[in-house]
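Both of the next two complexes hold chain A, though its partner changes from chain B to chain C.
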Partner chain A sequence: MGELKLMKGNEAIAEAAIRAGVDAYFGYPITPQSEVIEYLMAEQPEERTGMVVLQAESELAAINMVYGAAAAGKKVFTSSSSPGISLYQEGISYIAGAELPCVIANVVRGGPGLGTIQPSQADYFQSTKGGGHGDYKLYVLAPASVQEMADFIQLGFDIAYKYRNPVMIQSDGMIGQMMEKVELADQRPRWTDEEIKQMHDSWAAFGKGDHRERNIITSLDLDSAKQEKHNHHLQAKYRRMEEEEVLFEEINCEDAEYLIVAYGSSARISMKSIDLARAKGIKAGLFRPITLYPFPMKQLNAYVGKVKGILSVEMSAGQLIEDIKLAVECNVPVKHFGRYGGMIHSPEEVLTALENLIKGE
Partner chain B sequence: MMDIKDIVKEENLVYTKTKLMTDNILSYCPGCGHGTAHRIVMEVIDELGLQSQTVGIAPVGCSVLAYDFMNIDMIQAAHGRAPAVATGVKRTMPDKYVFTYQGDGDLAAIGTAETIHVCNRGENITMIFINNGIYGMTGGQMAPTTLEGMKTSTSPYGRDLKSMGNPLKITELIAQLPGTYYVTRQAVHTPAAVRKTKKAVFKAFEVQKEKKGISFIEIVSNCNSGWKMSPVKSNEWMVEHMFPFYPMGDIKVDGELVKSNKAEVKS
Partner chain C sequence: MTEEIIIAGFGGQGVLSMGKILAYSGIMQNQEVSWMPSYGPEMRGGTANVTVIVSDDRISSPVLNFYDTAIILNQQSMDKFEKTVKPGGLLLYDPNGIIHHPQRKDIKIFKIEAAKLSAEMGNTKIFNMVVLGAYLKLKPIVKLENVIRGLKKSIPERYHKLIPMNESALTKGMENPVEVFLN
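What follows is the complex of A and B.
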């Protein structure tokens, strides 16, 4: 059993990054995730593991520092919150185009614009449908606990290097700020330069030896036919992720007549709602996508013919619901419920929405 | 009768292209200074034996494809972000050599914040800045460094300082920051200028070796296509108009502002 600690989600993800043997963190403070860089600066990981922590002058600079370090084959992590993630998008598109591994955490707050500093899930589209320009996908993990904030760092890097693709951990202000018990993984050593050379010599830019051609990190190809071929390669990678890397959780779904589909904080709240529903004799279950992309399409489609209705519970104005509808191909009635703009729904509000769905309202 | 094969022999070579330049055909317009600037940087890296230890950062602009010509590991950065990318590389590999290669639009307009802050942090890298007073790649639009009255496709009646702002002397500006160690302005239009620039690039990599902070080399160059002149005419025009505003020479050496250049800052 690993070390147990009581931590904020933002602190847990920072500590997990040190323990995962991350080489560098670049970031810019923004509420509600500034604890990530504050924790890292206070911990002095340069002393503990040699991990570099740098406060950039802007989100634009931070994400491009990530791009540079990832291009050199280094394990690199960054975090921000919604308006900052909007500024990241150009860099994320380049990172995805150049096929660089990295992990980016978005502790989502209410929007649009400067919005609010309270929790929200309104960045679902931004995380799962592109965000930046061009056809690309991020692998998107949605933690529903402080424990998952910590666990998804290592999982995120495993996927990021397996596919050479950026990974997004889409959390929110509630998971980031709340304190829970967390079991921390043991310290992993950082990769040595020799290990990086062995693993990433075929693509990373850390200095060209005589034994190989130069490595070029770029997303540019002025030859459109080649660029299309590169796009085909990216799409094949995303299809493979869709086949092999979907994660989800089912709670009380075996005999369910009605499903709540929710992720992250909304899933935490909805766990209570299905208990309240069951106490009233409603056979309700919770289906929780853990990967928002790839979305558990087939797994949710399996409920077609089994459930009478689905409620999409999200702290956004109807984003998750689009993937649910695609998954069930309009064969099950799907309704949306959610508070947004920084407001959080109560379990009772979710229950009322479920009852309204059953009544056909 | 002597055959050409009898002449082209290793022992008869008086000049050869550095092996750090690839055989790819340069995408620059004939007459442009970029090719010479590329060659100088690659010659220095070759002569110092740093190929296996160097990572270059290419910008967006005419030199976006620098990685096609420079035979070293390279990273192509988003427009203006080369200094941030270089920071990411250098901070995680402090013993490697890192340089950025940027034009005036990239370095002094869209990337001004990254330029100022990389210099202010004194990241231990080398920055090569090609200033030709125009956006070459996009077809000759006004740059932050475009001179007063200079005609471009977005200042067709000449740059009007009142409505379009002043040409930016970014090099004098960053020289004021404590993080910069060596700041100089050079050119590549004559053999003498090429020799001076090469000396400056050597010095810059030496400074990086000694981990003393930023070396920043501005190379004032021509853009014969963008300026709509012949290569020769453009170089004459450059000497006549660009050099008075962007004077040649060292601005900061060993972390100290050069006295003769302190006056230039005011002009």
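What follows is the complex of A and C.
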């Protein structure tokens, strides 16, 4: 068993990054995510592992530092919160186009605009449908506990390197700020320059030597035929992710007549609502997408014909519900419930919404 | 066993750290814990509260509307949280500064004179440990030895010399909760 600690989600993700052997963190502080960079600055990982931690002059600088370091084959992590992630979008699109691995955490706050500093899930579309320009996808993980905040760092890098694709961890102010028990993984060494050469010689730009042509990191190709070919290649990669990398959890779903579909903190709140519903004799289950992209389409579609209704519980005004409707191809009635703008729904409010769905209201 | 607790008072009373020590104590005996503070505008306005859950099972929602126990340390929190105690639950409060005392007859109500007792002990900073001691007397969900181990984990090593004082504050609290009976 690894080391047990009581940590905030933001601290856990920072410590997990050090232990995953990350080479560099670039970021810019913003509430409710600032504990990530605060923790890293206080821990001074350059003394523990040689990891670089740098507060950039802006979000634009930070994401382009990520782009540069990832291009050199280095393991890079960054984090921000909603308005900051909006500023990242140009860089994220370039990183996806240039097929570079990195992990980005978004500790979502209420919007739009500067919004509020309280928790929200209103960045679902931005994370899953392409926040920047062009046809690209991020692999999007939605942690529902402090433990998952820590675990998804290593998982995120595994996926990022397997597919050479940026990975987004979409958390929120609740998971970021709350403390829970977390079991930390053992320290992994950072890759040596020799290891990076062996593993990433086919694409990374770290100096070519004499043995090969230079690797070019770019998202630009003015030859449209080539650009279309590149797009086909990206799409094939995303289809493979959809086949092989979907993650989800089912709680009390076996005999369920009604499903709540929720992710992240809404899933945690809904777990309680399910218990309250069961105590009242309502056969309710919770289906929790862990990957928001790729969304567990087939897995949710398996409930068509089995459940009478689905409630989409999200701290957003109807974003998750679109993927649910696509998954069940509108063969099951799907309703939305959620508070937003930084308000958190209570387990009882979710239960009332579920009862209204059952009554057909 | 699942115990859902709200601790509420002024910023500076040690509300958040008391919750943290309780959560760490739960970890020391292999329980699941969650600690969810109120933050943001409220943090800047004077009142502070934290929801702590200690359970033998996986914890569902870390934010709640109703609690097994409310530990209430100022009037604003009394106004807000007396009604959130589940029927049959526990309300523990320090009467210092309380004008409107709790009225509910469907819950157990206890007083702990923590402000007074900690002042008598010559250190008002151990106020929150007196309160925690009283709570653990009424609901012994964690063992005292695990609270001490939790304390060691949650405060920096340079303050470990203060642990005996905290321990005597916990003991003082355990000796002094007084049940309130409403007619």
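Note that in this section the second predicted complex is superposed on the first by the 361 of 361 C-alpha atoms of A that agree within 3 Å, B and C clash if a C-alpha of one lies under 4 Å from a C-alpha of the other, contacts with A are read in each partner's own complex, and residues count from 1 in each chain.
Following the convention adopted for this analysis, contacts are C-beta pairs under 8 Å (C-beta built on N, C-alpha and C of every residue); 3 or more make two chains touch, one makes a residue touch a chain.
Please read all numbers here as calculations on a predicted model, not as lab measurements.
Undergrad: Specify the partner with more touching residues on chain A, choosing between chain B and chain C.
TA: Chain A has more residues touched by B than by the other partner.
Undergrad: Taking the superposition on A as described, I'd like to know which of chain B and chain C A:N215 touches: first, second, both or neither.
TA: first
Undergrad: Contact-wise, after the overlay, does A:L326 reach chain B, chain C, both or neither (first, second, both, neither)?
TA: So A:L326 meets neither chain B nor chain C here.
Undergrad: For A:M199, using the defined touch cut-off, is the partner it touches chain B, chain C, both, or neither? Pick first, second, both or neither.
TA: The answer is neither, since A:M199 touches no partner chain.
Undergrad: Looking at the overlay, does A:E57 come into contact with chain B only (first), chain C only (second), both, or neither?
TA: The answer is first: A:E57 touches chain B but not chain C.
Undergrad: Check whether A:F26 is in contact with chain B, with chain C, with both or with neither, and answer first, second, both or neither.
TA: So A:F26 only meets chain B here.
Undergrad: Kindly classify A:M174 by the partners it touches after superposition: chain B alone (first), chain C alone (second), both, or neither?
TA: Touch partner of A:M174: chain C, not chain B.
Undergrad: According to the stated criteria, A:A42 is in contact with first (chain B), second (chain C), both, or neither; which is it?
TA: neither
Undergrad: Across the two complexes, what residues of chain A are contacted by chain B and by chain C?
TA: None.
Undergrad: Which chain C residues qualify as touching chain A in the complex?
TA: 20, 23-24, 27, 32-37, 39-40, 59-66, 153-154
Undergrad: Name, in rising order, each residue of chain B that touches chain A in their complex.
TA: Those in contact with chain A are residues 51-55, 57-58, 64-65, 67, 70-78, 81, 83-89, 91-93, 96, 113-114, 117.
Undergrad: Name, in rising order, each residue of chain A that touches chain C in their complex.
TA: Chain A reaches chain C through residues 4, 6, 32, 116-118, 174, 177-181, 265, 268-275, 344, 346-348.
Undergrad: Using the touch rule from the top, collect the residues of chain A that touch chain B in their complex.
TA: Those in contact with chain B are residues 23-24, 26, 52, 54, 56-58, 60-62, 64-72, 74, 76, 90-91, 94, 98, 204-210, 214-220.
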